[in-house]
Structures are given as structure tokens and as C-alpha cells.
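What follows is a set of notes on a single structure, which appears directly below.
Here the chain labels run A, B and C in written order, and each chain numbers its own residues starting at 1.
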Amino acid sequence: MKGKFIALLSLVLILAMVLGACSSGSTPQSPTPPANTPAGTPAGTPEPSEEPVKLPGFKIGLMVYTNSGGWFDRIYDGVKALADATGSTLVLASGATPDEAIAAVENLCASGVDGILDLATGGVSHRLLQICEEYGVLFAAANNNLLQEEGYETFRKNEYYVGSVYADDKQISYDIVSDMIKNGAKKIAMFGLPPGISAAFDNRFAGAYKAIEDAGMSVLTEARSFVMPEAAQNLLTQYPDVDAIFSAVDASNYLYQPLISGGYGGKIQISCFDDGGDVNVGFENGIVSHCVEGVNAQAQLGYILLYNALTGNKLLMSDGLAPDILIPYVILHSANEFKDYVDRSKGGIYSFDELKEFIVLLNKDASLNKFIELAQSFGK
Amino acid sequence: MELEKIKRNLSGILPLIGLLVVFALFSAVGGDQFYGARNLTLIINQCFTIMVVAIGVTMVHAHGGIDFSVGAVLALSEMLAAMAYKRTGSPFVLLFVAVLVAVLCSFITGIITVKLRIPPFISSLCMQFTCRGIVNTVLQSKSIGVTELHAPGWGVRLPVLLLLAAAVYVILDYTKIGKHNKAIGENIKAARSSGVDVDFYRIIAYLISGFTVGIAAYFDLLRNGVMSTNVGYGLEMKVIIAVVLGGLSLSGGYTATIKSAVVGSLLITIMTNGLMIVGVPVTYIGIIQGIIFLLVILFTYKRDRQGLLPR
Amino acid sequence: MSEVLLSVKGICKRFGPTVALKDVDFTLRRGEVHGLIGENGSGKSTLTSIIAGIRKADSGEMQKDGAPYSPQSAVDAQSQGVSMIVQEMGTAPDITVAENIFLGKEKRFTRNGLVSKKELNAEARKVLDNIGAANIPESVPTFTLNLEERKLVELAKAMYEEPDVLIVDETTTALSHDGRELLYAAIEKMRSESKGVIFISHDLEELMSVCNIMTVLRDGDIIGTLTKEEFDEATIKAMMVGRELTGSYYRSDYDGKVEDEVVLRAVHLTGAELVEDVNFELHRGEILGFGGLANGGIHELGRLLFGIDPAIVGSVLLADGTEVKDASTAVKKRMGYVSKNRDEEAIMVHASIRNNIALPSLSKLTRRGLVAAGKERELAKQAISTLEVKCQSMEQLTRYLSGGNKQKVVFGKWICNESHILILDCPTRGVDVGVKQAMYRLMYDLKCAGCSIILISEELPELIGMSDRLLILKNGKINGEFIRSPELSERDVIHAMI
């Protein structure tokens, strides 16, 4: 009994300290209704002003399905740089399944954010928009193809929907596998989680399968399971002559060591998405051939859309609807390219200077079309 | 002995006190952003699925069983219910099918565990893989939308929660079903030699558990508005964490109560919600949750039970 | 008077509010086989566990061979020449016999950091042969041995160190005839080598035959010490209980007449193991005893009769024609069963007395689907008072009760269910003299009230003393029937058993 009371007391003390520390750090925001009236792209405007415009700051929620790893760091770096430059603060949240995504958005709204940049919609954007509407919070998405989601035609018209930036998972996977085949791959295996975890993974595999089919080949084997280390082991023991692996996730933890010690360096091609931080090891040992990057760019562009809307200057298309911008991925083929990309991503793959011409408060002529052009030229 | 009685009662209320303390702390720091009506309704909606399933699964835990299939069964129920709704256009059919499928799956899990004498750990895992497999094969990465249906708000959910909690509380503490399951959890041999039909009553526990999963599926589907293949992932672990946090001993027996399910579910929901409202940086949330969990378990865990895990 | 080997003075020990030993003095001399007897809770296990280093006394001092003796642990005591064979299971089931014998002492067989299994096993073989256990293999995992063999392994382990003092705590209950012989041989060896043995047992007859001096404890006090010449059953019993045991121990009548009405019939009953083609009838108000060697099938028969184990051939039939196929049917038909393994099979140790007592009767207490809590409490209260269960309250967990009181709780649950057929398997095992007598009285009262009892036991005096009719099982088959009579003796019955 004594032990239990001590435990209870410690719980109280620790919680009190932690919460006290946190609350003194952040000021609880009262939910402010956004000062927006969705405006069209401002045409020529009066008063050229010379003084530097002070950018209003906002509290912005950033939702990603994971909060750690190299991939996440690059995304966070980029968005944070923009947030700092615009005097805004970020609140992080995560959630993968539909109910987690809903809970995360609810909690963000309840904690008083002004806008949400969501990279993990869980496929329930229509519901997320309803919640945002209730709280008066603006919503932008990145890294999710909202056109495939239920209720898209309805929620895209929601006045709190700001737009999205996404890439074509299916297409890039198709391109990668076609490239692998062109490079001489004959025995291609699939690696990753089982179907049904997320639309992104499923799209990637769909593209990969199609490439193999179109080339008239068949898949060597599917190593897709929740227990990835085991799947990796089985793959290598049963198919030692595999010469290409299409991985829809970051396989570094499970595949690279066995491959390197198995002497596969230089004899195999492997793809990697959403890198957790070790892909350069793969490159250096001649294991990885294609590393897909670019989500950090999507996030930054999404932030711009969101920020404009928060200041009351939504960028809209000619039909008055919010834009869903398709942006290419980049594929990195070597350790140098990867290192280069990581370096350039520090502080954001796009610098604030590159993007400030698209911030309406700083440039009344900010053009959505040029913004889209910028996006589509990513990586070229 | 008075001291004994006081100690025993106190030990029972300790989890509730813990909950109140956590709530009070978040209220003090978060202000009415936290304890305001709006946020409270959020908490009710967010803890609903876990709590409803936890309440039902308590029946299974009472006899020392465990169910790793609840997330997958939830998904399968939602899928078949959504499909049935699409075909008939009736929300009542949705509810009916959701409950029916969940009860059937739990029934099969129960039969395999009890009649084939396969440990519940394994049989429920098999059910999990089977249900997930069916969902993935049928849906093929597509999803089914039911966005036109209005999601019941806290006004419906709160009464449903209270009703379910009260019903299972009565069953667990005041009926043969509950008492026999607890006896089985205490000592199955002694229960058998006292005349308890251990097979029959364990299967009943699974049926009750299935029923609550069905109810949870109905509300979850309506809340999401969409049935997609990643529904329910990780639910089983969340439920187990919730009940253990609330003080349930997974080996079952007479110490099993509804309280653990209710308190535990509320605790984890309040923590996620509260920590975000108060503004704890996400990088620290993990550590803080870990410490809080450890402390909570220290004072909810009944140490003179035979152990935390099922035998 | 031979010299003092072990001397213990002023030992006190409490466990929370309970005082286990009050200022106890005890002396063991060389060449003594010193019996220690007392009811449960009298303090004998506590005293010996302090001597063996398993526990520490709150106050008092000990001396061995004239020098101060205060062992820090059981291993420490062993190294100082005091070994104990404990009451519970003292071997680890998953390691081999040899590993158990030398548990903690592997160093002597270690070369270059590795334990030499060959040496370990060879030495274990020697030790086992030394106590006469030539048929116990030394390199098999211990769980493959039966309870008796495991106890003998503990004996070998204790004797290996050639102790000066050997303490044997309630060991003989686990041993059969042959096992006991080995134990007695070891004890005799200690005596002839002028060493000392402290022997604890519930079996007064055994104590009187094996020991040459006996000390009686009651409620943490030493009541008195008797030399062999002074041994007298009645006196000792009186010292243990604190009062004269009036009346006869078992039954005072020799009337083995029973009614004609048959309440239960076993027809060609054959089980999966050890029970073959058993046929008999149980009459109303009859106490039908079943005796035999441990592996004669008597315990398995009990399980078959109650429906816990399924019958392979044949059946168990009740008066109304119902066949007993499982325990829940049996209970519904108001049968009751007290298992031999009380803590594992008959009682829920971590549950309250109330929950234990009420369990079979829940159907009776249910109105419209709900169990009436008030009625449940009433039921438990009645049982507790009728059987005089010593407890703090009905909510107390049964694990805190003494063995005898636990047994009363088990009886209680069947009495509350108004059972009219009771199958009792070793009901007085591990129970004190005083409680035993109360149970025999209860059995007789139940019989007179029309209850039919099947009494399975390995204690012949109990069977002869209580049964109206006694059936002996040998190798699973009925091999003899004896009717109650004052002339019936153990010798007659043993013939049918062996």
C-alpha cells in the first residue's frame, strides 16, 4: 500500500511539473475565427509600399504519420524554416488510421491552431474538413492524393479547404521498376507491408506491378508482411539470385545488412521511399539504386498555400476552387546525389527567398499559375 | 478488521483517484480549453471505440482469456456492414450486420479456443489474420464511403457508453455468467470441480465481447464516414494497454471489474488530448507517456494477484 | 544423557499481528530422533525453518555444539551441518535430478568455467545409491519423476552434505511405503552415527514408532517433552489440543446397516487410466470407503464418479436414471466432490471465502437472472458458523486460512448446495487432530441425515474407522469388500491391497 501511494504522489508531482513547464512555454490560444473571406487571385492592386511588410504569425498544426527519422526531419526542417520566417509556430501531431487522424485533427483544433498542414489524412479528409469547419480552422494537405478519397467533390468546395500538393506514387513506381528492368533486372521481388495499410503504399505497388506486367515479366516473389525482418530473411534465403527489390518503404533496417554481408553490393537494385536515415549506407555499398525524395518539397508548398489562406489571400484556380497540385518526385541514384539532396534540404529544400514571391502579403501579384509551374519543375 | 476493509476499498478506488488527479492537473493548466464542454465532448467521442471494446473484452479477460482479433473483427464488421448498407440503403441494416458479423467472429474464436483447446493468444491471432485477409482481398485498396450518413454525436454516444458499462457491470458482478467466468479465471480446475460448465460460460464471454465490438464498429464507421482497409490497426494493443492501465489483471479472476476498462480508456484518451492542448512538444510526449504509464501501473497493479499476464 | 547438539533459547517470531513462537526453548541431543508435533499454527514449521536458516527469529539465540549458531540462509545452515527437507516441493522441475541435488554447488564440478555433466551425474548417482534410491535416474528432468521420487531427491540432497542435524518436515505424506522405508533408513543412520534428527509429522502413530523423544507445541508455546517410555496417544493428543478429546475419534457405532435405496451405481466403469470395470452400488445414508495403494486407482475413481474425467467404458448412474458425464451435471444433481489436491483443484486460493462457498449454489441464488447478493452472504455466513471456520470475515481470501479451515470451506460449499452424495478424496489430509475429529463428526451427522458419502483415503485407520462398507481397489479393479465390524483390522484389509 505504501508503495502505491508513493507512486501516486510521484505521478501527481511529475505531471504537475511537466504541465506547469509546458504551459508557461505556450500561451493557450483562444480559437480565433480566421480573418478570411476567400478571395480570388488579387489582380493589379493599389499602393506600392516600400516599408517591409510585417507578416502576421499563426499557430499551425503539422500532421505526419511518424515524428522521427531522416525523412521526417527533412519535412520538419523545411516547414519550420517557413514558419520561422513568417512568425508562426508549429504544433506536431501524428496519426495513421482513420480514427487516429480524426482524433489528431480534433485535438489540434481544440488546442487552438489556426491552420493544419496534414501529411497523413487517413483517407477521411471529408470528415477532417467537417471538423475544421466546426472550429474555423483552415486545412491544407500534402503527400496525399485527395482526389482518390471519398467525398472529394464535396469537400473540395468547403471554404476551409485550402488545397493540396501531392505526387503520383503509382507513376514514380512504374518509372523506377521500368528503369530497373532497363538496367538488366530479371528477378524482381516486392518488399514491404501487406496491402491495406495506406493508399500511398498500395499505389506504389500498383505502379510496380504494372511495370513488370507491361514488360511481359512476372514478379519473382512477394515479401510483404508485418514482420519485415523475417520477410527479408526469407526473401534472401529462398531467392539468393534476386537482382532487384522494389521496396515501398524504407527497408534499410531489414535488408541492407544481410545484403551487404551477403556480398550483393553492386549486383542488386533496390528502391527506397520515406527514408529513415540510413539510405546512404545502402548507396555506398552498392545496394540501393533508386531513392525517392520530395515530400519535403510538397510540405513546403502546402505551407505556402495554407499561409496565404490564413492571411485572407487564398490562391484559387480560375473556377474558384482550391488547387490540388501534382508535383514530381525526385529519384536519387547515388550516395553523392543523396548527400547533395540532404544538404540542400537543410533549412528547407526551397529557401524562403524562392517562395516569398508567392506569398500574397509580400507580392500582390503572386500567381497561382506560376506557383504550379514552380511545383512541376521540381527536381528538374 | 477495519484496517483490512479500508485498505481493500482504497485499493479499489485508487485508479479512479488517479484519473481524477490527471484530469484536475490538465484542467488547472489547460484551463477551460480542456475542461470546457466542447473538449469534453471530444474526449467522449475519442475514447468511445476503445472503451466500448474494452468493456466487452473485460468479460474475456475475466476468465483469463485474451483477444488479439478485435481490431480486425472491427474492420471486417465495418466492411460487411458498409456493403450491406450500400445494397439496401438502410442504416438499420448497417447496425444489424455490424453486430452480427462481430458476434459471429467472436463466437468462432471462442469455439476454437474452448473446444479445440487452443490457447486464446493463438486462436485470436489466427482470427486476426483471417479477418484482415478477407478485408484486404475484398476491398483491394479501395474504400467504401458512407459519408451521407450523419455520425451520432456525444449525445447518443454518452448514453450508449453508460448503458453498456452498466449492463456489463451487472453481468460481471451480479450474474452467474460473470461469477462463473471469474471463477474460471481464478482456478479453472476448481471451477470445473465445483460444477461450472467452463466451456459454455467462456463462449458466452466471447459472445458478449463480440457484441460490443459490433457496436463499436457501427459508431466507428459512421464517425469515419469511410470504410478503408487500415481501419482498426492496433486497436487490440490499445485496448489491452487501456485495461492494464486501469488495473486489470490479465490472468482474470474475482478482481476483474469494468472500472479498469472505463478508467484506463479515459486515461489514455485524456493524456493524448490533454498533452496536445497544453502544448507539450511532441518529442517529449513519448517519454512523458512512458513515465505516466509506469507510475499508473504501479498503483493500479494488484500485487497479490498471481501476475499480470494470462497463465 | 548424551551431549547437546543444538540448543535454542528464547526464540520469538511474529508475522504481523500473529505471534508464531513465544519465547521457545528447545534442545536436540546427539542420537535423538526428536519428534515435533502440534496443530497447524502451533509453530513447528516456523521453529524448524528458523533452525534451518530459512527464516530469522525476531529474538533469541541458538547454539550448535556449544558455539553460537546463526545461519544467514539455508545454504549457510547447510554448510554448518543443518539440512532440512521442506514441506512443499523443494526441487526445480525443469532441471535434471543431478542438477537439483547440487543446486548452488556447481562450482565443485566446474573446470575452466564449464560444468562437467559427467562428473555431476556420477556424483549424483553415488548420492542416490547411498540413500538406497537406486531406481531413481540421475540425468532425467525432475518433472518426469512423481511426487515421491522428487521428495527422495530432496532427501539425497540433504544427506549429501552429511549433516549433523537433519530436519524432516511433513515429508512422509508424499511418500509411499517404500519411500518411507528409505527415509526411516536414513534417519536410523543419523541416529546410529550419534547425529540428530528433528521429525515433524501429523501422523502420531508414525511419530511414536520412529522417534525416541517428542516435543509438543501449541499456539507458539512448548507444552512439554516426552521420552519414548512416556509416549501415550491420548496424552499427546490432549497436549496438542489443550483439552481432553472426548468421545471416540471416528464413529462410536458399529452399525454398518444401510438403507436399501440405491442412490448411485457404477456400471462397468472404466477410465483412461487405472480404473477397470468397477461395479458397485451406493446406498442412501451409507459411508462407502475406497482404499488401496496410491496407484491402485482410487483417486482416479473419484474423478470418474464425479464426471471430471470421462468414462471410456461403462457409466455412472443416479437413481433417477441420469448418467453423470460431466461435473456440471453432477453438481446439478446435488453431488459434491472434495479433491485430494485441495489448493490446486478444490479451492480458489485468491478468492474470498464467500465466493468459494457460494460457487456451486449460484443457480439456487439466482432470481430473474441476477444473483441476490444478500442471499449469497447469508449462505456463506451460515456455512462459516456451522463449520466454525476460523476467519476474519467472509471476504477474507482463503489463502490466508490454515489448511484445516480451507478444508472446512470446501466442505461448506457442498453443504450449502444441499449435496446428498459426497465424494471425499483424502478429506483429512494435512489437517490437525482437533479439526479431523470435527470432520469425522460432521461426516457422521451427514450420514445420519441421509447423505451418502464415498470416502477415498490412503489412511487405513480412517477408512476402517468411518466406513459402513469398505471396497479395496487393486490395480484398478475391486479386490475385496469389508463390512463394518469391531473385529475388522488393518491386517485383513492390507491383504486385499497388495
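FYI, a residue touches a chain if its C-beta (ideal position, glycine included) is under 8 Å from a C-beta of that chain, and two chains touch if they have at least 3 such contacts.
All figures in this text were calculated on a predicted structure; none of them were measured in a lab.
Colleague: Which chain is most central here if centres come from C-alpha coordinates alone?
Modeller: Of the chains present, the most centrally placed is B.
Colleague: Which chain pair shares more contacting C-beta pairs: B-C, or A-B?
Modeller: A-B
Colleague: Indicate the whole-number Å distance between the mean C-alpha point of chain A and the mean C-alpha point of chain C.
Modeller: Using C-alpha averages as centres, the distance is 70 Å.
Colleague: What is the distance in Å between the mean C-alpha positions of chain B and chain C?
Modeller: Between these chains, centre-to-centre, one finds 44 Å.
Colleague: Where the centres are mean C-alpha positions, what is the separation of chain A from chain B, in Å?
Modeller: Between these chains, centre-to-centre, one finds 32 Å.
Colleague: Quick one: which bits of chain A touch chain B in the complex? Just the residue numbers, please.
Modeller: So the residues of chain A touching chain B come out as 1, 3-5, 7-8, 10-12, 14-16, 18-20, 22-23, 25-26, 28, 30, 67, 91-94, 96-99, 102-103, 106-108, 110-112, 122-124, 126-127, 149-151, 154, 194-199, 202-203, 206.
Colleague: Taking the touch rule as given, give the residues of chain C at its contact with chain B in the complex, in rising order.
Modeller: Listed in rising order, the residues of chain C that touch chain B are 306, 308, 326-328, 330-332, 337, 339, 344-352, 355, 359-360, 362-363, 366, 369-371, 373, 392-393, 395-397, 413.
Colleague: Enumerate the contact residues on chain B facing chain A in the complex.
Modeller: So the residues of chain B touching chain A come out as 7, 10-11, 14, 17-18, 21-22, 25-26, 28-31, 33, 38-39, 42, 45-46, 49, 132, 135-136, 139-141, 143, 145, 147, 151, 220, 223-226, 228-234, 272-273, 276-284, 288, 291-292, 295-296, 298-299.
Colleague: Mind listing the chain B positions that touch chain C in their complex?
Modeller: Touching chain C: residues 1, 4-5, 8, 170, 174-176, 179-180, 182-183, 186-187, 189-197, 253-254, 304-306 of chain B.
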